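Labels run A, B, C and D following the written order; every chain starts at residue 1.
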Amino acid sequence: MTHRHAVQIYYEDTDLSGVVYHANYLRYFERAREHLLGVEELVRLWNEDGIGFVVYKCAMTFKEGASLGDLVEIRTDLHLESEYRIRFAQNAWRIGRAGHQGPHSMGTRAERSAVGEGAPMDSLHWERGLHQAPSEAKLLVEGSVELVCVDASKSLCRLPGGVVERLTATERS
Amino acid sequence: MTHRHAVQIYYEDTDLSGVVYHANYLRYFERAREHLLGVEELVRLWNEDGIGFVVYKCAMTFKEGASLGDLVEIRTDLHLESEYRIRFAQNAWRIGRAGHQGPHSMGTRAERSAVGEGAPMDSLHWERGLHQAPSEAKLLVEGSVELVCVDASKSLCRLPGGVVERLTATERS
Amino acid sequence: MTHRHAVQIYYEDTDLSGVVYHANYLRYFERAREHLLGVEELVRLWNEDGIGFVVYKCAMTFKEGASLGDLVEIRTDLHLESEYRIRFAQNAWRIGRAGHQGPHSMGTRAERSAVGEGAPMDSLHWERGLHQAPSEAKLLVEGSVELVCVDASKSLCRLPGGVVERLTATERS
Amino acid sequence: MTHRHAVQIYYEDTDLSGVVYHANYLRYFERAREHLLGVEELVRLWNEDGIGFVVYKCAMTFKEGASLGDLVEIRTDLHLESEYRIRFAQNAWRIGRAGHQGPHSMGTRAERSAVGEGAPMDSLHWERGLHQAPSEAKLLVEGSVELVCVDASKSLCRLPGGVVERLTATERS
């Protein structure tokens, strides 16, 4: 099953060309993988077992740049390549954008949420307001990332059993 | 009224000391201000009028570092200092963390959300799962940021009327 | 001819794993390409002609991580693939490191330079002090980046004549 | 004595406004402090004694933005405030820029260096070529940063003797 993670584009993400700086997509891909692997489990593995995930290979092809105010969705599919290696197919899709009126504009809802209304996390409201219909989503970047695990001595080690179980379930669902 | 914006801490945010690299809090503060000012309006002002917001002054005092898996809330209060300048008091609070069992652990919900369940944006579920009771929130960084506006010729200009109206409403609410 | 550009590793470059965050190598590769293409010319093309270089594809394979205090050299070879596209083979090599005594330690010189001695840019002295013999250099990351040009309307355009001339000279030298 | 460290502005440093993203100056300030404190010693303290330097307070006032191709010099003066705390007055000055012809343009030299000439680190040549006369330097950002030390248990600790000695020498020179 495809895992989905939303990323909003801020000033910090752009460069002088007006769109997202190319290297930043690797950061968005990593955020998505952290959710997919389970942040709770990642932190536990690191703190208790000294086990960390390391990028071994990555590749990206750029179709179009994301701009300030865009809502980008990282769609991830994974493949357990061996006991040692996971491959993630990760694509960035634009699924919403600010400043573009239309049937899926985030208009009113964003206006309301941005002034707070006592909501603990108004940006979540905003993001929900931004959703476009799937048919309008636009592919921006196609990527691929391979991960391996290293133990406390920085040596390659087998993927932890719990992670394999979880990923196998995700892969097949 | 205090504006609240949630930020999750990923690998990319940390440095070798194990906690968030100090300069990154300025990025979180900016994300919060973008929501507060209204992303829709910021993009419109930039694209149509060539008007942008520029940081004129900033200051931070660091109490404690945020770690991988923490959920940090940026709490922002604003003051319109003049027709030209806005001051934001912005503090970073830890409101949740991964890997710490307790009554407010994000455990089961995060596990569920991370494998997807068809939700379009599972990280939002995860963030909701992470909420701690307000009494447990911990102040990490106290900050202050002053903004001014510049027009297309990079000259200082009055704050746009729409922004002033919106901010006045927020300030008094 | 292989173009060489040195990058020093600072706190900001690392993540909690203790080595450089993987996405940052794309930034180092870009710094090297800017020098290779000519910063002067890049700025002129952008300001006067609205022409910018855009990454179309990239790929990296990671062998070993760089650490705080390492001096990393980006070695770049280029190939003009067509009138529209340049391919750069870019590798990151560790050519020096702090905290490792030996015949190529940067010791005394760094100590001297770091307290200034009136030198306008002491870090340059430091970098010179760090050089290891070529035989000791260690390959960290193998990369490949393809660039295209876009004009002011964001449409693909031919590589500017001056750039082609310069790159052809570099390629053949 | 004022410590000087040069930073070149690349694409990665800018945002869509066309100038350097404000938070990045904190990164340049940190690079300069690493050279001032001594990279060799910083790495040794961290690896052998588990001692790290932590930013406790910082402040910046922005006068003007740096652009792509600018050469920015970080000028640092330090004050040992106590056995526990160091204060750095750090300012960013533009000392050279690409694309601006004049008596101090980097023109020809940069052209030569960018195609390599077998030099191991051509960017250093480029930086030397960029120097402007001191009278033309332009103040961009005024900053102030306070550091403390923490030991392996993350508790505040006295500044290491070697660092104090070195900094006292720098302060008085």
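Just so we're on the same page, contacts are C-beta pairs under 8 Å (C-beta built on N, C-alpha and C of every residue); 3 or more make two chains touch, one makes a residue touch a chain.
This structure is a prediction, so every number in the text was calculated from the model and none was measured.
For subunit D, the chain whose average C-alpha position is most distant is A. Looking at B-D and B-C, the interface holding more C-beta pairs in contact is that of B-D.
Between subunit B and subunit D the centroid-to-centroid distance comes to 27 Å (mean Cα coordinates, whole Å). Between subunit C and subunit D, the centres computed from C-alpha atoms are 19 Å apart.
Subunit B and subunit C have Cα centroids lying 33 Å from one another.
Taken residue by residue, subunit C touches two or more other chains at 11-12, 16-17, 23, 27, 30, 46, 67-68, whereas all remaining positions touch fewer.
In the complex of the two chains, the subunit C residues touching subunit D come out as 1-6, 8, 10-12, 27, 30-31, 34-40, 42-44, 46-47, 67-69, 73, 98-99, 106-107, 110-111, 113-116, 118-124, 126-128, 131, 166, 169-170, 173.
Residues 11-12, 14-19, 21, 23, 67-68 of subunit A are the ones that touch subunit D when the two sit in their complex.
In the complex of the two chains, the subunit B residues touching subunit D come out as 16-17, 22-24, 26-27, 30, 46, 52, 54-62, 65.
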